[in-house]
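Please find the structures below.
Two complexes, one shared chain (chain A), two partners (chain B, chain C).
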Partner chain A sequence: MRSKSPHQPSLSLIISAALAETKLRLINISRYPGQMAMEVIIPIIFAAMPMLLGQATAGDNAAANFQANTGTANYFAYLLIGASTFTIVANAFWHIAYWVRFEQETGTLEAVYLTPTSSLTLAAGVALYSAVRGVGSALIAYFLGALIFRFNPLTGNLLLALLFLFVGLIPLYGLTFLFGALVLKVKEANALINLMQWVVSLLMGIFFPVTLFPPWLRFIAQLFPPTWMVNGVRSALLGIGYFLENWYLDWAVLWAFLIFAPLFSIQVFRRVEAGLRRNEGIGTF
Partner chain B sequence: MQPVIVQNLSKIYHSKQRQGLFKSSRREVHALKNVSLEIREGEIFGLLGPNGAGKTTLIKCLTTLLLPTSGRAWINGYELTKEDDAIRATVGCMLMGERGLYWKLTGRENLVFFGALYHLPPAERKRRANEIIERLNLGEIADRTVETYSSGQKMKLAFGKALINDAPLLILDEPTNTLDVPSARELRAMVRELNQEGKTVIYTTHIMAEAETLCDRVAIIDKGRVIASGTVAELKESLGQETVIRLEGVIPQQASEAVRELSGVSQLAVTAVNGHNLLTIVTPNQQHLLPQLIHTLTTHGAILRNITPQEVTLEDVFIAHTGRTLAEDTRE
Partner chain C sequence: MAFPTRSNRSVKVRLAGIENNLSAFLAMVQKEFIIMLRYPVEFVASFAQVFVIVVVLTFAGLMFAPRGLASSTDSATTGLVVYGFVLFIYLSDTLWTIGFNVRREQKQGTLEQLYLSPVSKFAALASRVAITLFWTGLLSVCAAVLMTALLGTLPFENGGLGLFVLVMALSGTFGTGFAFAALTLRIKEAAQTAVNLLQFAFMVLCAPFFPFSALPESLRFFSRLIPLSYGVDAFRSTLMGYPPGFPELAPIEVELVIVTLFGLLMPLVGFWLYRRAEDHARRRGSLSEY
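Right after this comes the complex of A and B.
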């Protein structure tokens, strides 16, 4: 028997396989143009609701009250950043769960598992697609919302905000693989996604600072990388203040998440995958 | 080198058996029981058996989708569970037919995408996709989304997908399942052509005639075990002097039970066909048995429409071993 496989692909071919997965999904979504338009509108509507509620309950004092609790009077930008970032986070969970569940049902999950491309490479391709789609929609929604609600979207340190966003994406996708593993295991996506969306929207503080939480809940919220991501983006753009006083300390926390969250999630995902292969198989739904 | 060596492969599933709304019990299903096989280079090897026999489980184990519970196997020289990536790279698979395609993508986009997953360089993917499109006469539909294809066209594309990595071993799981007769014939001709070009093929089917016309050797699987294997001729000869009689008509159960008791009946299987029953009887002495058969059946209320002494087929080999026809679903 041969002991060494001559079928080790080069790194460029592995990256090419991941990019093919990204491209496949972008082609697929381009064939549903209405969905992209909806995705841009959703965060604007999502942010408009608390804006109008705030104005209705606090009237002329809305901005002053908001500043007293959050550190900025620009509640339009604050809420829109929260809603846009939430779109990225919710999409990330949705896309990974949808990848696993939908492809299980259509039979394509088994088809891709028959190829020598590892599930990690496939997942990286799906994550890249999701990030491109989510960040694209969120940025368009933010700038469109700025036009609608008439505020300057380019205040503060835009570069630092983008750094928080992009560094935060990696641990976020790490977490979504944990979620993907759960979907593989329980073979259900919709109820899990619905639950996750509400829990996530509460914990990451899309409409309010998590400093308003009681300490135990704040601790839980701060175990979740998107909480640091959204606060970093807001602090960079609106100057509301970092959790650890300095941007680089908050950023360092995100880097710590970046290292540990994907490693942990990939281990869990692989264990679930191996468990399925031991029993009924990856494609059984 | 033998492309496929399987030694005592077993697979046990654990499934839940529902007992009402909230209760369930754990159940063990022995899908494969010590299966051993050797497939030679350049042959078309048929895996034959009724639905639920374990063919697809065996294929899923050999293609690394499932981990066997015990046993060992080598595919193209690579050991199963230890060198799975190399196995996947050197096998072309058509499992689950048209279900393995992305319907919102065109046929060409599907082929190029799977080419990338098989780690073909970009230019090579496109070249292979074009070659396959030309070979399978998919040119007219290659740039349409798969959702617009007919079932036969989807199956053809799924077959094309199995060729994208130009693997030396092709594994085709019931590839003609949803095809009409001419399309099935065309696909079998392509399999033969690829085999003549040097590819080894594993071909699963529950259609005996398909295996008889296409396969060099076959293994018959039933309830997770290989119950017979060899060339089609060898398997037929294994029945020795046995011959087959088929009787069609309205045959009550007591009549078929009475026939089962007759001396000279080695095996008997009953199938429902077009509102009638078909009795397939394996016997070493056709001439002696026939008058007795007719007498027994008619005295037990059977109305016979057709009596055909026939040459032994692979289906008869299956009946001789199991007492059942291939039409029966044996899923546990």
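Right after this comes the complex of A and C.
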């Protein structure tokens, strides 16, 4: 019988370490209620910009024009779903990539690599924290926005929308690990994350359907799990139509991302990590 | 042989002071440029980011047009959005580069050292303005060109008066940046949240991306209390050639007076607030606290 190495932490210890990281971060953010409030307000204001411009320029035809372009006249819900999902996506990129950079800047990344806990375990803890914070803020923003813009937030199939959201989270965090590897390598986290969150917002179709893109751009957009996630949520709630006609086919694509994206990203992250460790790059910033 | 009189000496000392301040200011501007050029990824990324934001907002606006992305909007809408966007990126950059950079110096521990040197505090703040003027100016010109390409013809009337309004609005914006730097010294880590809050308040109340008429009357009341709202309104109305319904908040003569006073007084008020906050921080020994 093979015995476990004394240096190899057990599964329960790994889970405990990840949860401790999640708890640490949740305690930390609870000390900044202003930041939490802003995360709820930002998507509402962000969605209000095109609404106000659209109402002012199209007047009484705003809803009809919007329906002709997107498939729904409920532009309040459409734009708010986009902005709320964007909050989740932007949070994911900021929290994972910035975690790596923060540890690097404060000089604790080197120490993380000297503990028996894998950096991926700690990153998983950060991802869980980020998902709780992002999804929580997005849901509150959506329901609060529904109150402000006066539409029914519970139209359509809410359960299916949540399924798309939660299945989409895993490949999303897989992608952020890939991005974390890039930050480890290039080091200028702020600029990269700022740019990346806007590129993703464009590609996921934050305020418009990606089916309006030219074919080459649509192809690139559909390689991003958030694109399937936001379209799934919108289709479930507003009936705008799935990419592959049926919800289960779109859902299957998200599941394929779910399996492939984390495996691929973790491999890349580990390779970059190993390269930096060999070349004294962990402690430099 | 002529002996220097007391008044001659005082003039010379004053001139030497101005010369020293100018030299310190130029050295600081140079330092800011060097720092900017040392981070090419940030340099390129911030440029690309503005383009992506422009595309996202333009596409969003076109969803309300009869033919979607194939539509070209009327020139008044283009002017409204493009000129509003120019003022928005200036305000946003000012809050981050002037206000939030003070926080960065505080975090890095270099703020205390800066205040121990005999360098003018005004020069230290103004050097950051120089970078904003150059870099954001370049970004806004490029963004305007891109938006015009995406949205349609950009109206351009009354260039001279438009430039005057822009200069006054920017001067007032920089003053707001100084005042925000003062606030940063007081509220420390909460400054990041405050920047976001101010940016989003500006996005709604100063209506850079839509006409003021789109706002509910209750919000328009608050818009009228903010001088920068008149800056946005006067700037775009002037450059659009005062189409019917513009300016929206007040007659243009009244808006020009408000914007001029804002541009002349706000830098003085902002700097006064900054010096007060700085004195307070020095007395309490909190300059290097974070």
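Here are some notes:
Here is the rule we go by: the second predicted complex is superposed on the first by the 280 of 285 C-alpha atoms of A that agree within 3 Å, B and C clash if a C-alpha of one lies under 4 Å from a C-alpha of the other, contacts with A are read in each partner's own complex, and residues count from 1 in each chain.
What we mean here is this: contacts are C-beta pairs under 8 Å (C-beta built on N, C-alpha and C of every residue); 3 or more make two chains touch, one makes a residue touch a chain.
Computed from a predicted structure; not experimentally measured.
Judged by the touch definition given at the top, the superposed model places A:R278 against chain B, while chain C stays out of reach.
Look at A:L13: by the touch rule set out above, it reaches chain B but stays clear of chain C. By the touch criterion defined above, A:I27 lies against chain B but remains apart from chain C after alignment on the C-alpha atoms of chain A. When the shared chain is aligned, no partner comes close enough to touch A:G241: not chain B, not chain C. In the superposition on chain A, A:V112 makes contact with chain B only, while chain C stays out of contact range.
For the contact definition in use here, the chain B contact set and the chain C contact set of chain A share no residue. In the complex of the two chains, the chain B residues touching chain A come out as 13-15, 60, 63-67, 69, 74, 77-79, 83, 85-86, 88-91, 93, 95-96, 99-105, 109, 112-114, 116-122, 145, 161. If you check the complex, the residues on chain A that touch chain C are 32, 34-35, 38, 41-42, 45, 48-50, 52-58, 61-62, 65-66, 68-70, 75, 79, 186, 188, 190-192, 194-195, 198-199, 201-202, 206-208, 212.
Across the complex, chain A is touched by residues 39, 41-42, 45-46, 48-49, 52-53, 55-57, 59-66, 68-69, 73, 77, 81, 189-190, 192-194, 196-197, 200, 203-204, 207, 209-211, 213-215 of chain C.
The touching residues of chain A, counted against chain B in their complex, run 1-2, 5-9, 13-14, 16-17, 19-21, 23-24, 27-28, 31, 106-108, 110-118, 122, 274, 277-283.
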